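Going by the order they are written in, the chains are A, B, C, D and E; count residues from 1 in each one.
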Amino acid sequence: MSSKKVRGNPGLRRGVGSKTTDLDEIMEDPPAGDWLTLRSDQLLEWIDNAVYNVAETTGMREVVNRVTRPIFNYGQRFSPHPLHFGIMCCAIEMGQASAPDHDIDRLGLVYRSSPRQCDVLIVNGPVCEKLRPKLKTLYEQMPEPKWVIAMGECAISGGPYWDSYSVVAGADTFIPVDVYIPGCPVRPEALMHGFLTLQKKIREKEPGMFLRR
Amino acid sequence: MSEKSELGIMDIFVNPMKVTMKQFFKSTFGKPTTVMYPLERRDPPPTYRGMNAVIWDLCIGCGICAEVCPNRCLKMKPVELSDDEQDRAWYGSHLAKRKHKPERPAINFGHCMFCGFCEDYCPTGAMTMTDFYELADTNREGLIYPARSMKVDLEDLPQLPLTNYMMESPVLDVDPCIGCSKCVDNCPTNCIIMDVGPQDKTLKSGKVRNVENPYFDYTICIGCSTCVKVCPADCLHMEPISNSSSSGLTTEESPTEA
Amino acid sequence: MTLFDACRIMAEWTVKVLIPVFEFQEGLFPPFSNPAGWVADWLATEGGLDTMAWFYAVNIAFMIGMTNLILVIHLERKVAARIQDRRGPMLSFRSLRELGEDLSGQAPSWKFKKNYSGIGILQNLADGIKAITKELIVPAKADKFLFTMGPIIFISSSVFLLALFPLSDRFAASSAPAGLMVIMAAFSIAPIGVLTSGWASNNKYSMIGGMRSAAQLMSYEIPLLLSMAGVFLLAGSFDPVVIVEQQQASTWFFGLPMWNFIPQFIGFAVFMICILAEVERVPFDLPEAEAELVEGWTTEYSGIRYMLFLAAEYIRGFAGAAVATILFLGGWAGPWPVPPEIWFLLKVYLILLFWIFIRWSVPRIRTDQILVLGWKKLLPLSLINLLIVIFMVEIYPYFTEIVNLPEVF
Amino acid sequence: MEIKELMQELSALKGVSNASMIRDNVVKLDIDKNSSKEFFTKLRDDFGFEHCSLITAIDNQPEFELVYHFTSVNKSVTVGSTDMSVMMEAHVFLERDTPTIESISDLWGGANWHEREAFDLMGIYFVGHPDLRRVLLPEGFAGHPLRKDYVYEIHEEEW
Amino acid sequence: MAEMWISMGPQHPMTHGLWTLKVKVDGETITDADPELGYLHRSVEKMGERRKYFMNTTLTDRLCYASSTTWTHNYVLTVEELMNVEVPERAKYIRTIMLELQRLASHLMWAGAYMPDLGHITGALYFWRDRELFLNLLEVPSGSRLLYNYIRIGGVKRDLPDGFVEKTERVFKLFEKRLDEYADLFENSKIFRMRTEDVGNFTAAQAQNLGITGPNMRGCGTKFDLRKNDPYEIYEEIDWAIQTREAGPGYSDCFSRYMVRIDEMKESIRIIRDCFKKMPKGPTLASAIPVRAQGEAFRRTEDSRGEALMYVVGDGTDRPYRWKIKSPMFTTISACPHYLKGYKLADIPAIMGSIDICIGETDK
């Protein structure tokens, strides 16, 4: 598949390359005059980097990752809390999925209204030009690690609104999307299947929590 | 309905709790309504519009499904047919005559909205919709289903008549026709034949001779407008069924092209 | 034998093991390891033993509280699910096998079906683990110091509650004579944390949530304490042990126990409404009213901070139910074959179950309505209750002395 | 009330032409742009059309056409056995260079956003409107997309 | 606390969709409001001009996600008037049945979405459980759960399947029993009454002038229903009554709007039962359906939310020249400062929830 538009950068999310790992630069002492004005967050960052480098060189990082990775991964994949955010038709099915007949609570999914407490952003409808900056903000407000599910055709590619002047051609043009669920609207069962797919992806791809970079 | 005065202070919780208690005992000692999806599933009705499947033996590659798709998610892609498939095809005889490769629909499920128009407007009933809906994938390329991946084989094929659901059929404007017979080669149902034209024509070179014109068999025309698209001389156009004459040939009364 | 005595014995054993260890250390590098010797000396004293015993007692109380917390959360989720005709979390113990596979480096087996066919108590574990891994966000314009202090105030004051109430007269981490006063004081600290974190978040929803919490505190705290005053008057003490013993001692017709909720029914009703407001559960969860204030005062908190808020609210709920049990339901009093601690927990869980039913049966009340309720209805009612108790305790006995009246109370 | 009487009474008003009945309960007429406000005021006060259903703007290249639909909630005509509520469809034609007309949002509160929408998507200016902003499109959007001469790029994915 | 503006939305539990409500509050009292739309503006009207007449039913399905059939039906009715298509009698009955089933599903969707606004999660799940029954019913003939694409120009897609009548009757019996049960949970619950009564009042005259229609207007006592006042399909022949709330304790407030919708659901069941009794046999799709149209036409129908009106202009081709949609919620939201002022912040969800917002149709 070739698209004219640039897709979201996959490295964007994990912050790959945003922080330097150059040993000299990190271990360098702060300038002499700065000792007095050293702020606690800088100190913490410095300690963080130092610990990381020690762990890296001694091989401790591998050991710790080996143990913590499966445990943290377990928590992450069995308790994905989606954002309570509805755009269009699929939002109704998202709500219907928590109805007694489908009961998405069985899979440990609890809809949270604040983006700060969410792991999964479900884009469930067409993203219009007016909405795009807001959705981007919502995505940025969510704490790491976070995932995005494009639910339904409108969120995947614009769907029925492919020739509209105001609908963005898919959510992955501005945020990285992990799972695409086709359907118009997506059945609640298909949404659950999407979450199981996400679970599989987390188990395979998600790095351990310790010094995640 | 009860009026305000009837509600006492105890109705803050007594009345609502009557309902919830009842439900609690009902679903604790009975079975809750929940259908536990990964363990058990509720079958959609037979009419359910899920993922598409194409019965290749019935498909004639007319492209009506691509035409009526409001999302343009369906495209006709050229495919290589094996000899067996060629033999089994219901319209195999017509396919053999066509000059270009046979085409079959491929669907990008990243665009499809499962409206069912392709199924409804398919003149042979080759396009069907299954009840499969678990299409989630981790990348968008995985949502593109090539033509061959949607092929299904049925043991006993439904024998459906060719139906013109498009409510339109091609009409010839005789004057510009150059008799190239491209429409005949491309017609998926073989409803066009070339025959002697109504009158002789003066060509550009000055010669006068009779140019062969296409004649349409409207009983098996499906209104796919392939002939209109391939016509190099723009001598064909689509008209609603009621306007086109049943004899097959239109002469002077074509209103728009004059 | 009380909990403290048991802990004292455990402490003695521990000290017996620890003192040689410290003494051995002392001899290793003389100038540097002298403090080890001081510790060994201190452990050998009575004070050291007591401290050690307190350490054990508090830890046991904490662990019991935390176990109950998980049970309460699970109970809430499951009962709510049954009320709503569904099944609730179903994460099975089989999912731990996936964890084992990952830890041992085996190839993953994909059996989603088997992961979701259990009782779901592991769901709380998964939620907790996930919360630890989440990024902690401090909003750019937030007051960083207060933003971090808010959860600390809220959570520490809630966990502090766990150490304060006794499970029985012999099973208590603390036995202050003013026990219930300390509990109520600890209860009242939390709204400060709410207000602090609501204000520091620099978010209008959070701030309104914090303000509502303060307003709610003003309206329910006075009737709450007044309704408790009746019990204190009757027992003549703030000590939970004395209060429960008084309830055990007083009997009714046919020798049935007359727990406080029978003579002081008004007080009991007022107390139940107020404690529901105190622990901020539906219908009084105004500070985190989801419909209008997104998540209320916790809107800006992420990760483990938020999870601890949630846990602390359940701890407060548990503590509130325990206080109600002590004050009105006779505490650990109950027939013999069942131990008193179990009786106590049973009563607490009964109240919690009632609250869960209330929570999932009624809508949320409005801010002005709770103020009206608090000031105009509950306050007079609690005063009436107080008058009744004063009549019972002071006036009626006084008359029984001068006039020949049956001794009812 | 007879619908024909209503039609005659309406067509007697200033600036009204081409009155006709398109259904048993619907009167259709053309209004002159300059006397439109006067007509609408009378329509509300004297004829009892208390509900403004819809304001449609059509780009008839070159001129614009505004179509007003009004409903009378309380008045009805008897057709056959049913009481049908009376509707009125009014057409106003505007020139392309000066697509302005007097606002009726002070007469019908419900017309307020219909006028804003017509301004937003078609670029009709309503004189006297209290708050003539874009309603559906973001501030700063260039052009009026429902005009026939508005062109935009359609991104069709290739696969 | 000084007066301040609070912006609710587009991501907010109260909004039921994608719009922003800016409210000015003095403490907790609302002094001003300013709704803002457009986050879901998909330019349906412009796209409709690029598609053929029959293809536009996919767009109208997606106009209102809670009540898609009513919008498709409105469009189809308009285009049929434009093209002079005669619809078979049986198709009219099937359409009426589908419309009323859709109205039931839509009202249940509303009721389910309204309860969390009041902090009542259980109520939402009860209503959604019942909605699931109707979705399963609607799924059987149409083949989809939410966006049916069932009503076509000239009739309906296919006939009702065998056993549909019996299945519907079973669902109705269960649903009627449950609806009676829910009375204790909602209208006989004191706190529910406290939250909804005397909140969000507007008078009938105000509603007519501000363009508030449908159940919201009937909640003020106006006896106006387009199914009776401008009948379409076979509503004339069916025995039913308009549901309104006369003056009483719950008059023109959130509670009266709640009760009107509950009563309408009961009335819809009555209509469908009558339809099943009177339904004739016959074809369900007109034989000759034109593809091109010339002229202009409009039809109005009673959507689940109020007066829906579509105006289609054809220029002789197979695509509409201009297609205009009137959404009842568009004007109702525009009037929200009128009925929000003076109430408390906590009343915003109670009021805005009670008018049954659907942003899909509003933003078009």
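The rule is simple: contacts are C-beta pairs under 8 Å (C-beta built on N, C-alpha and C of every residue); 3 or more make two chains touch, one makes a residue touch a chain.
Because the structure is predicted, anything quoted here is derived from the model rather than measured.
Looking at the partners of chain D and chain E together, the chains they share are A, B. In summary, the chains found to touch both chain A and chain E are B, C, D.
Taking the mean of all protein Cα atoms as the centre, the chain whose own Cα mean lies nearest is E.
Most remote from chain E, judged by the distance between CA-atom centroids, is C. By number of C-beta pairs in contact, B-E leads when B-E and B-C are compared. Most remote chain with respect to chain A, judged by CA-atom centres, is D.
Here the CA centre of chain C is 47 Å from the CA centre of chain E.
Averaging Cα coordinates per chain places chain B and chain D 40 Å apart.
Averaging Cα coordinates per chain places chain A and chain C 35 Å apart. Annotation for chain A: residues touching 2 or more other chains are 1, 100-101, 103, 106, 113, 130, 157, 160, 162-163, 165-166, 184, 187, 196.
Shown for chain E are the residues in touch with two or more other chains, namely 12-13, 38, 41, 43, 46, 58-59, 122, 125, 129, 147, 185, 189, 191-192.
Contact of a single residue of chain D with at least two other chains is seen at positions 137-138, 145, 156-157, 159. Listed by label, the pairs of touching chains are A-B, A-C, A-D, A-E, B-C, B-D, B-E, C-E, D-E.
By the touch criterion stated above, chain D contacts chain E in their complex at residues 25, 50-54, 56, 58-59, 67, 69, 71, 73, 76, 80-85, 87, 89, 108-114, 117, 121, 134-138, 145-146. The residues of chain B lying in touch with chain C in their complex are 12-13, 16-17, 19-21, 23-24, 26-28, 32-34, 36, 38-39. Across the interface of their complex, chain E is touched by residues 1-4, 6-9, 11-12, 15-16, 18-20, 22, 33, 44-45, 47-49, 68, 70, 113-117, 120, 129, 166-168, 240-242 of chain B. Across the complex, chain B is touched by residues 51, 54-55, 58-59, 61, 122, 129, 139-144, 147, 149, 157-158, 161, 181-185, 187-193, 197, 248-249, 259, 288-292 of chain E. Across the complex, chain A is touched by residues 32-38, 41-42, 70-72, 108-115, 133-144 of chain B.
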